[in-house]
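Here the structure is laid out as structure tokens; the discussion comes afterwards.
As written, the chains take the letters A, B, C and D, and residue 1 is the first residue of each chain.
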């Protein structure tokens, strides 16, 4: 089994090296994409085998070698394959495989095709390290690794020029990449502090040691650790207020958005909280957990409001990702870790599908992102239409679909915990989710064919690509059916991960479910009514609404990016320039002034050397006097 | 094998003298050959080095002025070993990277070889006077390199560099002499041997003043805020090779001095001064990183980033535990490698375009992909990405310093944020976006000469990032050794409490 | 006051020395400078002799002898130089002979 | 008692004479005052029991040195008053006065000499000249001979310096001379041409 662990871990790395080192600088070679995809598929197969092993035999723990050892610190490259990590492994490798295959079609005209696969596989490798590591430092390696890959991939089309914020809220791919990286680093600092706290209080960074020791620590320390780690999670999972990078990261190629910014990397924060469930389920950190749940709920709602009016097809999906991450955090914060993880997996499938579908639309529309310019694409792109529909149904949480089970469970959890505000907001958000996701579907696939006037000739994606997407569609529909099995599977991990609804909740479950479904259906119906019409019922721009305050507020993302620009970026830039000025003028100036003072003293006293013996004698006399006076004084004193 | 250290020190100098007789055309080859032999010798030393022994090895001692206890005394431990190896490596790669059409190539090579002698000498010597001798001698070849091959303000920069560091080291000399005097008072014999000094008990008052004296010499060399302003000038005007060696090795002399002198000789004062050092280092870390962000010149960005990173190293030196101290020594190495490489890379583009202004570039990633890749990797190492060499040291330093001050660590940790801010801004401005100038489209990617110099650094960056153990092990041993000495020597119980030998013991 | 002790001699010597010193400071003519130095030398001689007398030691006188010898040679060489200078510049005024302006 | 009177007489006269030497504008007055001052000084030596020293003072200073000065002055224009520019006379007097004050202050304090041992004590019952001779030719023989040599050298130097031709510069080479004193050189040339004409 150990070999299998290493195969699962390193085959993406091999793929990355293959594409990067051998062909990184050579012209486009289709087979690099296929080799990379095949190697990711190997990972998938290994992961599934490992999952079976975990389910039947139990967790695997391997240590490869020592990494850092200094003082008492000893960090190995160790990997643990248990219920949590293997779930993630399967999800990540499955989505990655499909995205890889998808990308061979999506990127086939890009001249940096080979480079793309090098980055994409490297990302999978980093993600695998993140998931599989058995200690916090290893997690941090993956954490930063995915950050860099995200930087590389968001900035993949680095040659694009900057545009002003008003024209393009994410300015340029390279700008968005930097923003994502730096914002993540802010959170990483929090995580580092958490690691330091753990080390100095426990003396190890191994999960098992740390979690065993946790209950014996003082409350204050536990709370600090919990907060610090969660700050790290907030960055990666783009929770408020570190969320702006996620929508901007949509500058990257669509497969990247699907893989990194929907299915895998952004869920790393949720993964961390789930991974640290023995910590977050402690009584001492209950406040922190509640905060996580509340923040998650808030973000779910907050992102959904922005998605209601967004025009950019990818931004809508990104905002819905943000919103769903909020759901996951809500569940994790409320203690329903396995439900959070289940929703994470379900979300990965339908969101990746949604993104890839959006990618198809973009591809068909020559990279046009504005849904106002689309419409009536359903005939031209039947396959994508079906996929997008399935994904949206899943996202909206309609019965049978994966989203129904997982999301409903989260909402039920909120009810079960008695946190009715959270429950209420999550329910409302569920309705909004249905509305905006179908708004997008109807906008792009139904209604008038607005694109014709603009001269587009849409065509659907390659057949094989569409076929490759089928597993995702299948899982988007059916994943929820396996919820019971999954529960049995993950209950084998430990006690804190287990979560059961109370009897009352069970009793009212049908009603809760109905409310959610009713709201979702209302949302879909509203969207249909407003956007799907043709002819005279067709949607028209509502200038008055677009001029209203609420629209402006939402369109500008609650002015948060503006705020960051005005109150962080610009002051920082100005302060930097001022500091530089200060450094040159004052700090360096003082040094120069000292030098100049010496020079001036020399220059002035040069007058003494006037060549006149008499004045020399005078100076000598003064000197002699001084010496005599000193002699007298010192004899008097001492 | 017993005299390998002396050979290491004096071989480049002798070769330098011989170099006067070499013809102009073969000067570079000669330089490469000598530097290669020196590197092989250094590696040989590493092979022979007993990693389990934390103390001094390969010691040699020849009395020079017996009456005053001045002797030629050399030795190597885990801390100096790798700095010496790095100095030899960086010198070799620097010489390889020299343009074949450098003017006065012969003089350049000879200067470099003498510089190598002084660098190796500083790190290997165990006698304060000899240490001071090499310390000051190292200024001279650097003065020539900056002053003769530099940019248009080279004379100003060279003189500033020389006078500034010289002024500081004179104060340090007073400290060294005072130290010897105190030793004489206590034991009746003169000794300038650092190892003897380690055993000399000093009152807190004496330690306080001696620390200040040493501080003047070392802090300017590091360079600590507010004594750092010579560095941007020196880097701005120095030729590539000068910047590379300056950043990679010469700055490390300052921090090495703190490790070798201040800590073990003056343990109580070192602890007393932690707040001051912390304040200055934090200013260095944050303030200079912000200045780096404001720069328009690529080289200046890296120059200021050097100051910022040296701040982290300083924090590690004063973390008073093996994690921090070992980490800071490792960070010295990694910073040497990474900043050396970055300066080389800036030199590469400067050779091609004649400018270092970021506004002149843009879109270089498309024109020079290999260059951009190497640059990107070094950049990531510089911002401390895990699995590159930069992370290990930075992580350990911050981890170690957390025990001293949590707030200080969080502030210092902001380096991972603001460090990436200026580095990514640099990368975006020069490598991303559309190609701004037509003429940049014709730029050539790295050629063989440049790749030969850079590939080893790339490999080291990755290798030591993934598997730092061969180097971290001996460093850790010696760091613990130093801390043990400090704890044994400390007279103030508060000092003993601050120094943490082992966490288990502390609990 | 009436009893003349060594202090009296020393004070006198000091005053005479100061007179010579003042002359050295004040005079611009080289010849007059020589005179002033002679005054100073003599003042010192008095001090030597007085101290020697006070301690009953001959060393003081010995030093005075050598001072006289030195003064004599100084005058011999110095005057020779003065003559040369006078031939060259036609003056002995230091304001005229100031060629070492830095 | 007579010692007191003598001391004060000599003291006052030397002070006045030397002041004249230092302040006088006329070289001749100054020299005369100096010579007289020297004589008065020898008086102190006699008072202090250093008879031999007093005689030497008279012979060497008043006789030899003053004669030398006298001869030297023949080369210079001694009749004219010396014109001197005094840039800051106040400073000079201040310094001189301060110096004197210091010495007075210093020497007013009683001298403590208990621990001083006479190295070459004055032998009782022997005349001063003999005693001096005994010390000078035993303990101070080498310095004495060196002093003699020095005097010889000084004599030769004096003769050479004073005896060379008038238009020949001894101390500086012609080239350096030109650089330093172009103007004087020019003037000298003009004068020489005039003389030749």
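The rule we apply is simple: a contact is a pair of C-beta atoms (placed from the backbone, for glycine too) under 8 Å apart; a residue touches a chain by one contact, two chains touch by 3 or more.
Note that the structure is predicted; figures quoted are calculated from it, not measured.
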Item to complete: Tally the contacting C-beta pairs at the A-B interface and at the A-C interface, and name the larger one.
Response: A-B
Worksheet item: Closest chain to the protein CA centroid?
Response: B
Fill in: Averaged-CA centre spacing for the pair chain B and chain A, given as whole angstrom
37
Practice prompt. Please report how many Å separate the Cα centroid of chain B from that of chain C, as a whole number.
Written response: 62
Worksheet item: Which integer distance in Å separates the CA centroid of chain A from that of chain C?
Response: 94
Response to the item:
Whole-angstrom distance, CA centroid of chain B to CA centroid of chain D, is 65
Worksheet item: So which bits of chain A are touching at least two other chains?
Response: 618, 621, 624
Practice prompt. At least two other chains touched by the same residue of chain C: list those residues.
Written response: 21, 25, 27-28, 95, 99
Worksheet item: Every touching chain pair, please?
Response: A-B, A-C, A-D, C-D
Discussion item. Please output the residues of chain D touching chain A within their complex, sorted ascending.
Written reply: 87, 91-92, 95, 98-99, 102, 105-106
Item to complete: Flag every residue of chain A that touches chain C in the complex, lowest number first.
Response: 606, 608-614, 617-618, 621, 624
Item to complete: Name, in rising order, each residue of chain D that touches chain C in their complex.
Response: 1, 3-4, 7, 11, 14-15, 18-19, 21-22, 27, 30-31, 34, 37-38, 41, 44-45, 48-50, 52-53, 56-57, 60-61, 64-65, 68-69, 72-73, 75-76, 82-86, 89, 91-93, 95-97, 99-100, 102-104, 106-108, 110-111, 113, 116, 118-122, 131-132, 135-136, 140, 143, 147, 150-151, 153-155, 157-162, 164, 166, 169-171, 180-181, 184
Discussion item. Touching residues of chain B toward chain A in the complex: what are they?
Written reply: 160, 163-164, 225-226, 228-230, 233, 287-288, 290-291, 293-295, 321-323, 326-327, 330, 363, 365-366, 369-370, 373, 380, 383, 385-387, 391-392, 395-396, 398-400, 402-403, 406, 409-410, 413-414, 416-417, 420-421, 424-425, 428, 431-435, 466-469, 472-473, 475-476, 479-480, 502-504
Discussion item. Applying the document's contact rule, which stretches of chain A touch chain D when the two form their complex?
Written reply: 615, 618, 621-622, 624-625, 628-629, 632, 635
